[in-house]
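Input: structures, listed below.
Heads up, the next two complexes both have subunit A, just with different partners, subunit B and then subunit C.
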Partner chain A sequence: MIWVQLVNGLMEGMMLFLIASGLTLIFGVSRIVNFAHGSLYMLGAFLTYALVPVIAPGTVAGFFAAVILAGIGVAAIGTAFEVLALRRVYGADSLMQLIITIALVFVIRDVVRWIWGANSLSVPMPDALMGALVIGDTYFPVFPFVIFAAGLAVVAAMIGVIRFTRTGILLRAATDDRGMAALLGINERMIFTAVFAAGSFLAGIAGGMAAPWGDVNYLLDTTVIVSAFIVCVIGGLGNLYGALAGAMLVGITKAVGVLYFPRLSMVLIFLIMAVVLVARSLGRQGGPAR
Partner chain B sequence: MLARNLIGASALAIAAALAGSAHAEGKALKVGYVTGLTGACAPISEDGLNGAKLAVKDLNAAGGILGRPVELVVRDSQTKPEEGGKQARELAAAEGIEMLTGVCSSAVLLAVNAVAAEFKIPHVAMIGSTQKANIEAFNPYFVQTQANATMEAFAAAEYVAKKTDWKRITPMGFDYEWGHTSVDAFTSRLKELRPDIEIAAPVFTKVGEANMGPYITAALANQPDAIFAAVFGGGLVSLIKQGQSFGMFQKSNLVTLLTVDTLQSMGDAMPKEKVYGIGRAPFFALDQGAELSAFIEDYRAAYNEYPTDWAINGYDAMMFYAQAAKAAGSAEADPVMAAFAGSSFDGLKAKGLTMRPFDGQMNAPAYVGEVNFDPAYPFPTMKNVEKFDGAALMFSEETIQAMRDAAK
Partner chain C sequence: MTAAVRMTPARWTLLVLALIGAEAANRFGGAGLSLALSEMLILALFASSLNLLMTYGHMVSFGHAAYFGLGAYGFTLAVTRAGVPVEAALVLGPLVATLGGIVFGALCVRLTEIYFAMLTLACAQITYTVLFQWYGFTGGDTGITGFMPARFGLSEANFTSLVLAVLVVGLAILARIINSPLGLSIRSVGQDRWRAEALGLAPRRVQLTVFAISAFFAGVAGTLYAVFQGAAFPDYAGLGFTLDALIMVVIGGLRSFWGGVVGAIVFSQLRHWAPLVTNHWGLALGLILLAIVILLPHGLTSLAERLGLRQPRGGRQ
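Up next is the complex of A and B:
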């Protein structure tokens, strides 16, 4: 039983991380708290819903192709938003930034409702990922495993890019000291745009990957953004590894908690966050939160 | 002079055209329709409104109510009680509405019901249901035209009790008023009917939970023969889809709220068996008559989909009101309320429906059946649907009185 819950927890943690990582990266570089991040996740789910029937429905390859295309679509929309709107308020006060990202939440929500309606939609699961691995009397669902593995691949790629490529070096430089990076001739604007696009892509594929597991509806945006913020707070906003640890902590606490403290599992997560906040958010890496 | 005459003439022409388009004499009878067009209730609210609009169309085509054209004044409650209450108040105070309906969420229902009592306007409930409105928050202007949450849970308990090979049950529910009321009612009635059944501690999830996996594992930990789940919408879709990956339909059965909108959302992802659904007005299982067929045809023509339970309830609520107002010969609140109590109504969802003035509850039936794939429809339906007579599911007047006294 507990092992099944662990699988549940790991999958939820991975999903949370994919969302929270974009949120935290964007904040790390541009100091923008992107309230619309949940909307990008929701958009990824809807685009996947639209694409799956077009690209080889029922196959694993078709599903992942749809997810990646959806991610690219969301990244394009995110980039357009960054270039057309967000770019104008980087210097402005945080209230302005807040309003502009919240405006995007409403715009995406209304457009999605207009196109797909308000009813819950269902993305069919690829046939090969349906069902479970039965060990003894216990059913280990296949889909969460695969999603977790796919998520791990994304995380590995992301960490690889950040640590070992020139883009990654520039990104870390801009996160560490924006002014200095600019003085050295790094194109700050390009970095901001690229990070926003990457964050949007991550949110988009997270939405797409989770789509067959649950339902797709236009309220997913708010459902997901709260948990993503909790993860960021636990990990320290701007701290990628912190977000990874925070996401896994939240996912596993929720899943295992419901088995032993059914009435408390939601509360536990907020408790963890409260403790982290009270302990003055040193982040999980030990450095002071920025 | 000529110009002035022309203006006068065209104004007259416009007025005549306006009156003509309403094609019924008399002042319009305004119906305040407060519903959650945005927020958690949106999918359901839209269906209910579509049904009500068709009713208004049919009523006006037949000359309106008491010769007055019917007009829906629609307001969005955003599925928030304060907003719903505010909208209802504004409609009552400024728009001159003579009836309130449309509310979806049970919390909004209570807020709107308070406004209905204050302004003495008949409030006809058609989607939202909570026994509070019949018991401690009851007022004489309240009419509930469907089986309330308690009655629905009782129907599920009656149904489950007949499954003699089911010995262990785990209840699940959304962690808010409706979920808890349903789980409590189901548990208490089932214990009475089948003392031998073991009922595990209920598992509650937050409303609309997308990752049901952990809760499914927890519910299956008790090795139940069936799970009773008071969940709906997206959370329910998640429960059924994910349940299949956890062997839920190998190890257990599921009894839950399956309205037509959920059946449509599930589509092919619905398991072929072991799912049992409670419906409020499943069009495919109702007594088929000319009126129902005509309604289904009109609905499909207008909205390009099959009517959901909410659409049928929306239509019935408007028609029940129209019948009462005609019988009363007036749209005044008190005569209309008296007419509600005194008349028997043949709706789309059932015939011979009456309203009990003691708590405003209509003896509306609940339907429970098992999932079925009928090639005639592009989505799963239900077979062997059992109709539970509403009268047998309602609390007796003594019980209600006792509950009212206890709530004081």
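Up next is the complex of A and C:
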């Protein structure tokens, strides 16, 4: 049982990382704490729900195609929000930035309820991913392994882009020293928009990939955003590798904690977060994305 | 930037008229209106406690509902589990909230800005989760109900008058605090903690004091709310109540003593009337927030400045 939960924990950790990485990238570059990030995740799940029956239902390729399309849709919505609203409050009081993203939370939640209703929906799992692996005398569901691998591929691609491409260099420059980057002729505005779009995409595909594993409902936004904040804070806001470590810690603590302290698993996570925050005394800012 | 609370003759007149208007509406508007009014006034006190923290202390709390919930549960648990008389429990509720504020605040004031906000969120979520999951003690998600008649069995109008009186006294105390030497150090630390430290103040101790005072008033509001409903639910400490209070303060306007009250009135009215106009309250609220942040970043009270009811900034600070 513990091994199965461990695998589940790894999958959940990977999903959390995909969400938290977007959150932390956006924070690292534009210093915006995007409260609507969980809403973008939820939107990804709902768009996947809408797309799966249309695109080759039941097949693995169709499922992932639907997830990627959902991610692109979410990225488009995130970009529109960034260009139309968020752009007006860069440099303003950080509270105003938070409130403007909270406004987006209400809008997305309402629109989702409008379109899909208030009931929990479920996304069918592709047939090929329904089975179980038998190792020793334990049955492991296949789905978490596949999702973990897919997440790993996304992470590798993301780190590759940040480390080795020109876009990545610009991004790191903007994270390290925004003013200097602007002085050197980097188009800040474009970087901010691109990062917000990329972060939205990551949140969207995370929502889509996790959709068949649980319920899809309009309450996902707050649960997810709280978990993602915890991950980012444990890892240090703006720090990508910190977020990876934080996500795995939270994912595994949640999954394994449920076995031993069913009532306490969530409290456990908040306690870890509080201890990390107080122990590290992160007063000023998080580390940059590297 | 934040000034002392100064009462000009125009403001006194406005305040007295508002109070007379509220009490008249309460007496002659029927039971339904009285109930809506008392809920609004309780939320106004809650939002004002957050306003103290944000406007004067420059600390953005993302977990203010924790102290609202602790007040409600402090009162409710004292009555139901400890058999404390109701009168004593009314004092215990705010005290429990203050104690929570001191413990959590001591951790939170070690951090600044967004990390501060995140840690307040974590503290509130811990509170919420404990209230939600500790079935044996707190009743879990079903809450604690039926332990006393809602509103002590007072008539709707009488209870609303009581809440109005508590709000007025609460605001008077808050104004007194802000105008006191302590208030001066609170504003000083809020504006520039390093300069305040250089002047010989202890920023963390001042911040913790504001945090505790703020938690106390949130606890008073929470206790009143438990009396109002005759029940306590974990939601009182949940993210929803925190967001409501934040939105009230933002709508009313940071930088003003009255921001919390004005925001609570406007937000309650919007939430009450919106369903008659639209099925999409969330969408409407989101758009209103967007409009306020972009067009009127200092909220509705900054409109009063233009009407001459509020002294323009730059006067005596």
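Just so it is clear, the second predicted complex is superposed on the first by the 275 of 290 C-alpha atoms of A that agree within 3 Å, B and C clash if a C-alpha of one lies under 4 Å from a C-alpha of the other, contacts with A are read in each partner's own complex, and residues count from 1 in each chain.
Here, contacts are C-beta pairs under 8 Å (C-beta built on N, C-alpha and C of every residue); 3 or more make two chains touch, one makes a residue touch a chain.
Values in this document were obtained by computation on a predicted structure and should not be read as measured data.
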| item | value |
| --- | --- |
| First, second, both or neither for A:Val233, with subunit B first and subunit C second | second |
| Which superposed partner A:Asp221 touches (first subunit B, second subunit C, both, neither) | neither |
| Subunit B versus subunit C as contact partner of A:Ile99, first or second or both or neither | second |
| Partner chain in contact with A:Met266 - subunit B first, subunit C second, else both or neither | both |
| Touched partner set for A:Glu82, first subunit B, second subunit C, both or neither | neither |
| Overlapping contact positions on subunit A, where the subunit C interface meets the subunit B interface | 113, 263, 266 |
| Parts of subunit A lying in touch with subunit C, wherever the complex brings them together | 33, 85, 88-89, 92-96, 98-100, 102-107, 109-111, 113-114, 222, 226, 229-230, 233, 237, 263-264, 266-267, 270-271, 273-274, 277-278, 281-284 |
| Subunit B to subunit A touching residues, read off their complex | 39-40, 42-43, 46, 201, 203-204, 206, 208, 210-215, 217-218, 221, 233-234, 237-238, 241-242, 244-247, 250-251, 261-262, 264-269 |
| Residues on subunit C engaged by subunit A in the complex (per definition of touch) | 54, 60, 107, 110-115, 117-119, 121-123, 125-126, 129-130, 133-134, 239, 243, 246-247, 250, 254, 279-283, 285-287, 289-290, 293-294, 297 |
| Touching residues on subunit A, where the partner in the complex is subunit B | 1, 4-5, 7-9, 11-12, 15, 113, 117-122, 124-125, 130-132, 134, 139, 141-144, 210, 212-215, 217-220, 223-224, 254-256, 258-259, 262-263, 265-266 |
